[in-house]
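Two complexes follow with chain A in common, the first pairing it with chain B and the second with chain C.
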Partner chain A sequence: MPGSRIVVGTFLDEDALLRAARDARARGVPVHDAFTPYPIHGLDEAAGIPPTRLGIVCFVGAALGLAAAFAMQLYTSAVSWPTNVGGKSFTATPALVPVAFEVMVLFAALGTVGALLVRAKLWPGRKPFLPASGVTDDAFVLALEAETDASATVTPAELLREHAARHVQEVEVE
Partner chain B sequence: MTATAAPHVSTAATGHHLLGAASFRVLAGLAALGTGALGLGLIVAPERAWPNLLLDNFYLLSVSLVGVFFIAIHRLAKAGWPTVLQRVPEAMTAYVPVGAVLMLVMLMGVPTLYHWSHPEAVAADALLQAKAGWLNVPAFAMRLVVVVALWWWLGRRIVRVSRRQDESGAIAETAAGMRASAVFTVVFALTFTIASIDWIMSLEPHWFSTLFPWYVFSSVACGGVALLTALLILLRRRGYLTATNEHHVHDLGKWVFAFSLFWGYLWFSQYMLIWYANIPEESVYYVARSEGGWWALFVANPIINVALPLLLLLPAAWKRNETLLFWVCVVIVAGHWLDLYIMVMPSATPAGPRIGPLEVAAVVGLGSLFLVLFDRAFRRAPMYPRGDPYFEESVHHHG
Partner chain C sequence: MSAPVVSTLRQPLTSEPKSCHQVSDEILAPIERGPTALWWAGLAVSCTALLIGSVAVTHQIWTGIGTWGLNKSVGWAWDITNFVFWVGIGHAGTLISAVLLLFRQRWRTGVNRSAEAMTIFAVMCAGIFPLIHMGRPWLAFWMAPYPNMRGPLWVNFRSPLLWDAFAVSTYFTVSAVFWYVGLIPDLALARDRAVGGSWKKKLYGLASLGWNGSARTWSRYEKVCLLLAGLATPLVFSVHTIVSFDFATSVVPGWHSTIFPPYFVCGAIFSGMAMVLTLMIIARRVLRFESYITLGHIGAMCKMTLMTSCVVSLAYMTEWFTAWYGGNPNEWFVVVNRALGPYRGFFWLMVFCNMLVPQLFWFEKVRRCLPAVFVLAILVNVGMWLERFVIIVTSLHRDYLPSSWAEYSPTWVEIATFIGSFGLFFTGFFLFARFLPFIAQSEVKGVIRYARAPSGGGHAR
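Then we have the complex of A and B:
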């Protein structure tokens, strides 16, 4: 969401960040994102981040790769230039499987990585968005939406300070 | 790490069990009837009964060894997550002594089962003469005795470590468990190779395939992990092992999924190389299995054991669906029995599969025996290995 505003706070460890994220959601303050030095078990649940949909892209890529590889091999070895290999049928399927498998993996992997880069806006020349200092280093940063639910009982900044977050500040998402 | 407070894990005596009193008696009766009928069959119809004993006992023995294997590889990897459910694979190993004894019994069936055991057949066959250094009855019997004795002894050692730790909580037992697991894993790799070559591949003594032991292992590993998963889900439904959560089930689902693909990879590798080279001494195995009544089963095999788990267990949410996972596991347990059936039976009944009272008696009898022994072993041990230092981590397992 370009132009939306978030409130960020830095924590000393993952447990404090997890507690703050759970508390924020319980009190009507939506979590925008969390930035941590390493993957933290249970963070997606605590922050209410929905499961990734990259699996769908992966599956579609795999299906396309499989179809493309079978089509290419059948075309080259049975239609365009029928080749007799050891007296086997031109369309002998087992021989096509290894290449089809490899192309399936290739399409699935490239499709998934490509979709990730596009969705995460990680293209060359992009200026990185760093919501807090130390975010690429060892900081555990929790980003809350500045705009809270109507039922919220605290402001995002108050909540972060309650959980002893440091460097609490409001920033604009680029 | 989800819960800051530990989920309540009851310490009371639980009376945990898989089978109620009535179903235990029914299954014990079926086990007695089925094995009795199979024993009778060994006398009246030996050429039919011995392959059935080999097939079903080898499958159940291997599956129960997968219980040991499951514990061993997780111990070696210092994996914390499966500790809470460790009593399930431990109870699966209760069949190992019975399976070992039945393998010794099978030695009496060697002349019926194995063509190479007849001196007159060897005398008329240059290939069998060349292989006689390995494939002769005394060497076969000696290897069989050593193999099943090692399985029995090493499997027992691994389970004992965990029981001792229940009492003492000593950290030294974890180190002992790792040593026992390391020994078991190496010994199992070698002995299972020997077992699958001797007991299964030599049913067709002219044929050979270098990845056959791997292929057999992948099949029983998949069947074993699927059985473990199905048993855990049943126990959870009964209200036991409630300290396991959806992440344990999910991880077991990942094992089932991964072993299914591994099996598919090996099934195809063996098939395609032989199909492509088309050398008579290799393709004879597949010719026998793609003719007559065997064709349908041969085609069904990869559909049941790869296509089905691939499609039904691919999304994470579906692996966590216990009802779906349970039924997929049941189908896979049966599917890998079918895989072994296709390896064993065509040399006994080349014309096509024959399912009669004897086949049913063998499956029901030995299958019930397995479940009865599992249940007895599961009841007798405490439900959780509380003395294990990984127990707490395991209870908090998250994804």
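Then we have the complex of A and C:
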């Protein structure tokens, strides 16, 4: 959501960040995102981040790779130029399994990583949006939506200060 | 709910308590301070070896494979030995990064990055050998099933040699992608710490793809790492299985064996672990990473070496037993010829290095004595190279027809090419240690509180 405004605050450790994220959602302040130096377990659920569907991409990639590899091998060795190898059937599948397996893994892996880069909007030369300094080093930053729900009992900045966040400020999402 | 409670029986994964910022400082130190004299010296030696290898490769491509010591009976020797040796070494990296991730072995965070780098360079070294063995490497693209003007004439998908081309290239691609995905958060840290406007900031910025540690991205990222680990685990087993098919699907005594796939996979992990140990013992000292790659890490890898050594020993003994019990005179002849024939020295050295030497790892005193571990790991590397040589050459040099029996010894070209492959491996490794974060800092930061009380004081719970 480029152009929308968020309020960010920096915490010293992951526990404080988790507590603040849970409290914010309980009190009607939507969590925009969090920025941390390493993945924090329980943050998805605390910040209300939906589970990723990249597993489906992986499965589809694998299925495509498997189908493509079998189709290619059957076409080349049974249809286009049938080759007699040891008198076996042209369509004997066991010999085709190793290549089919490798191509399946290749398609699944490249498809999943490709989908990650697309979904997470990562590409070479992209200017990183860093809402506070040190998010890749040791800062645990919670970003709350500046626009709160009507039921909110507290403003985002107050909530962050209540949880002893440092450098609380409002920034625009790039 | 805060950090998960961990039993006090667990050992912390770093030898001293660390803060996140300290981890950043210490892990990026080798790429932020300038190159040391030792680094230049190491790079000079490895580049020299690479140069020697390049001269040899140029010579043999120019003149032909006749520059090797091969003959009509021994058509495969050093070249394929080196290929299997390097592919085997390449197995430890993916084992550490993928299999140990699935088994939730947290100690992998200290060594996974460098072990994966080792994998990538080892597979590069491996790939060179089949390529030059083609004799006309500029026609290597004939291995690809592309529509052509010769019929079209396709590749033979029923040949294990073609399976090998698919397996090794897939393995290289997936390992490289897995490694790069793991590097992204660390490259972002290097970018954020570099001085504004410097070439470092620009290059690390380009490579880190605009990473900002967003929780939504981390969520996807962790899922992708898990999926890649799930894909890489069967992949790593398939690659050496297919390498063993190169031998097992033939009707050559000593090769034609159903035990080959598990035997080769275990041997690969065995040699790979030994190479990781060799490199880590030096690297932790030179790069001052003793508190990240601890004696606990070394001990765990020693135990894996011991376990795989026992499996490999069992596989050797199973082969000998089946050759005797099966009653096939040709099989039994190969076993006797290996142990008592002209290559018996290599055979017994292999038995010594692979079966007996690793048994010392049962003793904790040995596992904690770094010079001892270093020497044992080198011996295992030697033993595993000899294993491939023994398997390949002793099966071929005395075949069914005694009139065609022959012996094999390498020429200077083959030896120089082998030296060159070490040059390529170590040149890659030195460049990696200088320009990329040697330890996965974001993963280490996630485990610095492991088995430590919240105050950071160790076993207080």
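Everything below uses one rule, namely that the second predicted complex is superposed on the first by the 174 of 174 C-alpha atoms of A that agree within 3 Å, B and C clash if a C-alpha of one lies under 4 Å from a C-alpha of the other, contacts with A are read in each partner's own complex, and residues count from 1 in each chain.
In this text, a contact is a pair of C-beta atoms (placed from the backbone, for glycine too) under 8 Å apart; a residue touches a chain by one contact, two chains touch by 3 or more.
Predicted model only: the values in this text are computed from it and were never measured.
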item	value
Chain B versus chain C as contact partner of A:42, first or second or both or neither	both
Chain B versus chain C as contact partner of A:112, first or second or both or neither	second
In the superposition, chain B vs chain C on chain A residues touched	C
Touching partner for A:83 - first (chain B), second (chain C), both, neither	second
Which superposed partner A:98 touches (first chain B, second chain C, both, neither)	both
Common interface positions of chain A, toward chain B and toward chain C	18, 41-42, 51, 55, 88, 95, 98
Chain A-facing residues of chain C, complex	1-4, 19-21, 24, 145, 151-158, 160, 162-163, 166-167, 170, 173-174, 177-178, 181, 184-185, 188-189, 191-193, 205-224, 227-228, 231-232, 234-235, 238, 242, 245, 442-443, 445-446
Of chain A, residues touching chain C in the complex	14-15, 18, 33-44, 47, 49, 51-52, 54-55, 58, 62, 72-73, 76-77, 80-81, 83, 85, 88, 92, 95-96, 98-99, 101-103, 105-106, 108-110, 112-113, 116-117, 119-131, 133-138
Residues of chain B that touch chain A when the two form their complex	1-2, 4, 268, 271-272, 275-276, 278, 314-317, 398-399
Chain B contact footprint on chain A (complex, rising order)	18-19, 41-42, 45, 51, 55, 59, 86, 88, 94-95, 97-98
